[in-house]
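Pasting the structures here.
Next come two complexes built around chain A: one with chain B, the other with chain C.
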Partner chain A sequence: MNKSQVLQIKNLTVSYPLDSEKNAELKALDDISINLNAAEIIGIVGESGAGKSTIGKAVLGLLDPPAKMLAGEIKLLGKSMIGLNETQYESLRGNQIGYIYQNPMTALNPVLTIGEQIIEAIEANTNMSGKDSYNFAIHLLERADVSFAKDRLQKYPHQLSGGLCQRIVFAIAIAAKPKLIIADEPTTALDVTVQNSVLQTLIKLSKEEEIAIILITHDIGVVSETCDYVYVLKNGKHIEQGETVEVLEKPKQQYTKSLMASVPLIEKRLHRFSLPNSNSEINSLNLDYLKEERNIEFSSQQAILQIKNISKTFFTPASIFKPSEAFEAVRNVSFSVKRGETVGIVGESGSGKSTIGRMILGLEDLTAGSIIYQGQDLSNISNNEERLKHQLSMQCIFQDPFSSLNPRMTAGENITYGLKIHKLIDANKAKSLAEDLMEIVGLKKEDANKLPHAFSGGERQRIGIARALGYRPDFIFCDEPTSALDVSVQANLLNLLKDLQDQFSLTLLFVSHDLAVIRQMCDKVIVMKDGKALEKGNNDDIFESPQHNYTKSLLDSMPKFSGIATN
Partner chain B sequence: MIDYKKKLDTLSLQIKSIFSGHPIAIAGLIGFIIFVLTALLAPWIAPQNPYDLMILDIMDGLLPPLSKLGNGNTAWLGTDALGRDILSAVMYGLRLSLFVAFVAVSIGTTIGVILGLLAATKGGWVESVIMRAVDLKVSFPGILLALMMLAIFGTGVDKIIYALIIGVWASKARLTRSSALQEMQKEYIDAARISGIPSWRIMMKFLLPNSIAPVLVMVPMALSGAIGAEATLSFLGVGVPITEPSLGLLIANGNDYLLSGKWWISIFPGIILVLLVLCINVVADRVREFNNPYLKHQDRQ
Partner chain C sequence: MISYITKRLWQSGLLAFIMSLIVFLGMYVVGDPVEMLSEEDWTEQDKIELAIELGLDKPLHEQYLNFAGDIIQGDFGVSFVHNRPVLDLIVERLPATLEIAVLAMVIGLSIGIPLGIYSGIKNNSRGSRIISFFSTIGYSTPNFWQAILLIMVFAVFLKWLPASGRGLTNSMFGIEWAWLSLDGLKHMTLPAINLAIYKICMQQRLAKSGTQEILYQEYMTFARAKGITRNRIIRRHLLRNILIPIVTITGLEVGGLIAFSTVTETIFSWPGIGKLLLDSIHMVDRPVVVAYLILITLMFVFINFIVDVMYAFLDPRIRHQK
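And then the complex of A and B:
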């Protein structure tokens, strides 16, 4: 046996009993074997439902009650962990195995200071106490690259940023010098510039403290930056494993190939994601409804939308104790969008990118500036009918597929309800239109009768697109439409959006925090931070020769993944 | 076109999943159904019409249970001072108690839901006025408020219904508002707004069906509360008129005789009242538990 082997998982099988039928089981993990050595980082990648997190839970002995471990063996440092009781597991957790959660803000106790939480972890797992543990806490924070360690000990979690909180979680995890750390999507909740440095800290800890790390993630870029070795899972089954470079760039299995092809690249813009099952059948469908009344005689140079010096200030409600505070979400932003092009707004959370879209759609009032759409200032339209016409020709694809459809209406009703209200279609034609639209966005027309909960996230997002298309829009605001989706679903959806754009000459304003998605989708890019537009330019210019320092740092902190080697 | 059969099927499936494996809740539901049926059918199944003073015979007064009446019938639960058959009086009393509670709770809930939705969607001064009114109502003890109202407006079945409505609407308005506010954060509301759908349609077709669940869960609770409140008011003599006794008034009637050994006049309506409220509460608890994901989890273990 290899001396430095930390964890060995052999033929692990975990199943969940299904509620619907008796004796039916869902195999969350099916015959999975994993080996892990000291100072090594392995990545477990897969899309949602792949069973990635179940591995971590099985190792920690934290499988949720209905789940059962059917077969297999888990050995930590050569000792079997099967059949341990709760007390024995408790002495392992924290002591030998550390765990890092996805969301650092919820992993820390909000009513205790950072210092209290770290010292509690130290005193629970070592013999230190008093001054020793205080000094050791400072030492740990410094190991986890937390600046001003002494001051931070006095702070509460809500006073620190997400990145800092995650480092503090790291510090707590290494308090007992564990041999193994399980990190479940440790950077998913963080902004990209923070993500990079947090990952660097994780790598440093692994190498210097000789800790073996299981990194569970859906992000191929993170894996390629961080891991030595990769396991690819799908629906609980092992698909492929190997050295990171080998698996990511020269995958052998078909699933891995299509997964890698779905990852949006930052280096070059592709016409479409090259997916094995991508079929564009839009042309063969009945599109009379969508095409009629559409005035396509426009010059492509004409700006459909002009944003002039818009600002938005939010005020906190005033109270007796505290005067109202102003928060400038958008500061003096101007840009214009030409017909048929896609303009992207990229920025981290809180940069004001979604607020711009909400102002354009009329969901928020402007504090200053004006929005000129199809040659008319939107705030100056007195004629109600004209206002409605403009309003309906601007549609939105929302971020969260689980809240963007009315759960009490069928897919078809969701699509055509507004059209019927505005008498844009006859009530008796609504059903067939809903079915046509379902087919256009790649869903089955029979499914128009189902309620939203019967669809997956990607399918719901397609219903949302169908709803927007029904109004025969000229302009669609896409508010992070794929951020809640798996990467392969995202690639399919982005391909669909591009197809629809070509077919119906749509103008898109595409907001995302994901630089690679913006790179693939947009003709022009606006980089935003703290409500200000820092840089504007063509796609290639921004990504290949960025001018602003912030843009440069954003691009530098993107995890590097160059895609499948083409040879 | 709505597929009623399908809706009925899903409803029965849901009822099944709420109650299966919970014998106490099933017993409560069956008990409640029996009470409702008895109340509905009282004019046909009751041995006597207790409202018809002409058929009462003073000679039959204060007979203990199982006695023979002057006309040869058996008074299974005895008679009161006027010679009224207690069993019949309880059936009719149950009918009145349930009727008053049902009407008050449905009207009160409807008013509360509409006001709650208005507060959530309109905001501004509309919301302030509605919610301050709720605060004002909630800050009074319910029974005190009802007593005051009945003292001012007089007694009667309609008056007691008004008094109970006042007791019901406020908490429903508060609940609806908070649940609707939560729902309004969701993107489908934004989607409806940018599609120019009129706000009253958004309220009725989008907000109402998605935010009513927590209110409906509280309805059985409100029902048992209303039955209890009505019984209390009638017992105190400010509720229903003496000619149409509800359960509370029947208990009050027997109150004077309790110490002289004539226990049956109060005890039987009392038992029925307790059983009725118990049945509803058991069902209400189960429905609430079913709709609470945290309790459901414990339930499974």
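And then the complex of A and C:
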């Protein structure tokens, strides 16, 4: 069957001027060519800065100034789109090309109803009006698998869930039966179970309406489940292209190979990510400080942390008109963590997984239950000094490396600031300790003098780890430490955490929404939903023979990617 | 929505109560009315009798209850100077202030917001820079100086518009209004423009910063990706979102215009309440000042309530708040 060509991009180059005087510029896209046929889904993958989103924006004529299209040709249905003015673009957008945004919550205008937003798209692109467009809006919502379509028209975006909002965005995108949809990270902001069904809707629409789709994503699993054909980009340059199976499982280029090796797998647990250029050895330099006081009994059989039936209930503030409402974030959860072990908590947003960590660290009070740390019930310690000693031996690595470092302190100061306050080190030794810690986490000694903005996200997260290590902690709570990072950076960071754990016999509590990361990192796994621990067990048991239906559905909805073919 | 409004209403009542307490205590602390009202040749006995007549011998809370009770019944006392009920004086003057305040606000909004949106969208263009230049000047030169310039240009040199007084008035609903006659409108123009200059500049700045913030929201790009025309995006998606801060400021500004147009009213001899206040302070006409303070307070409370309700109308996220 000879399918008609929908989109042809030839040698597209887009640049951002960096410095107007020196003529410096950043090539966001460098000589990119893409072909797309009707009813075909192609994936564009790459890490941040690869220029994936720029392709979509260039096709729609929505490049933000000062970005400029320097060279190349874009043809939609055989007609060139170069040099169109704004009015001509307006008639193409929505009509011939639909666009789906990464975050559905921000793509919909918060002060207009769903109905207003769909109907205006219908009326802008078709001849319908009044009752016809209202009925068509309901029809579109039903096509996009939105339940109770008629009621939803009256609602505002903040009243609906992320998954529903994304389906509404789909409905808007297909309003004028476009030939092409550009979907920019359409499922990144969604929970895994929702992600799966949203993707199914997208595939269905593509097949039934004969719409060609460009799927821009960093998620290899999504690509492998959805796309017919894949393009790999890096820093605006074309790296590799081909049939999805070929590219993902038998990549030819070095970059693609390392990218695929970085993807955490769900099928099998590896000791480390086999990254081609990873430096696994921590040069054992000045480790005396970190080693000292650590030679307490290393018996791995002993539980360092026991959580007994803890619950947390949040109350909305009471007013004269409303009694306070209770929200049970955590319900009767128990588990224990042995020394040197990694326990993972996995669950979707709102499942209460972070709240548990916050309670252990003492950032939230317990509503019920007890936390026994190193043999002592934390809530029974009345002596402030002793409590502080315990709290200092528990540290946290935060989710967002961009907001968890003080932007006005250098990396080194960020690392040693708290240590100085608690008089754990001499002020004059702080600098050399900070430098040592920087080296331990794989950064350069001299960079301790730089401010956080000079580092990339992955490097900042390393600084965050160094800061936690400075306290010689026995226990570290890792709250989604890699969810803001690219896969290759994530793989490096997870390797680092494993190395550090071996070296300093750290105990980790690892919270993540990403099943594959949990699979790779943790010895024991707790599956949570709506504040309840539904299933607890060893890594292999949970992932290979899950008992609870929810765990099964989580595993089923994970996009499958089996990794590079080994032979 | 109804629970939101009743909640706001309740809060407004509480606010009014607290404000009446502050005004009452302020009045109680500052000065002794007996000393102010008594003649030089009065004996101690005369003064005590006056104090009893004014109710000053009663305990504080009882005095407050009397004071509040009188206000609720609309009794604000009698002016020392004019020897007439204070409320009559104020109500007589209020329409004059209201009409220039409303006209000034209408001018301010209808010129300021479009200019602001334009300069927000076309940021760094020549037009935007010219607008910002004038708005900075309008914002930073004193109000009275602008008034004198207006009088010089339009009343003295060009002789287009009268410089003082209210002109002919016509009656509507039993109240005299200047805007119902051409002569009155002419008299209104200069003071209203004088008040409006500040408002134009302020609305321009507000609308500009709002526009620049909203313009880069994803739903704006998504609206363009939907294929909606530029005008419609500005009218529907942009305007609705920038109105929220504008409504807050406009509410407070309307209150400010009504309460504190004193300078403009004095320069243009406009017989509004601002001028009444100034005259009363000069002649130590205490009941007028107190009544003025209370009424202004109540007005601000009322405006705040209206602003809160408008919020809920504009922003569904507030409407659906629990």
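We adopt the following convention: the second predicted complex is superposed on the first by the 555 of 567 C-alpha atoms of A that agree within 3 Å, B and C clash if a C-alpha of one lies under 4 Å from a C-alpha of the other, contacts with A are read in each partner's own complex, and residues count from 1 in each chain.
Note that in this section contacts are C-beta pairs under 8 Å (C-beta built on N, C-alpha and C of every residue); 3 or more make two chains touch, one makes a residue touch a chain.
On a predicted model such as this, the values are computed, not experimentally measured, just so you know.
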By the touch definition at the top of the document, which applies to A:S404: first (chain B), second (chain C), both, or neither?
first
In the overlay, answer first, second, both or neither for which of chain B and chain C A:C522 touches.
neither
Give one of first, second, both or neither to describe whether A:I421 is in contact with chain B, with chain C, with both, or with none.
first
Looking at A:A28, would you say it contacts chain B, chain C, both, or neither? Reply first, second, both or neither.
neither
In the three-chain superposition, say which chain, chain B or chain C, touches more residues of chain A.
C
Between chain B and chain C, whom does A:L305 touch in the aligned arrangement: first, second, both, or neither?
neither
Doubly contacted residues of chain A, that is, touched by chain B and again by chain C
none
Going by the contact rule set out above, which residues of chain A touch chain B in the complex?
65-66, 358, 361-363, 388, 391-392, 394-396, 398-400, 403-409, 414, 417-418, 421-422, 464, 467, 471
Quick check: in the complex, which residue numbers of chain C touch chain A?
3, 6-7, 10, 217-219, 221-230, 232, 236-237, 240-241, 314-317, 320, 322
State the interface residues of chain A toward chain C in the complex, per the touch definition above.
60, 62, 86, 90-95, 97-99, 101, 103, 106-113, 116, 120-121, 124-125, 156, 158-159, 169, 172, 175-176, 316, 319-322, 325
For the complex, give me every residue of chain B touching chain A.
185-188, 190-198, 201, 205-206, 209-210, 300-301
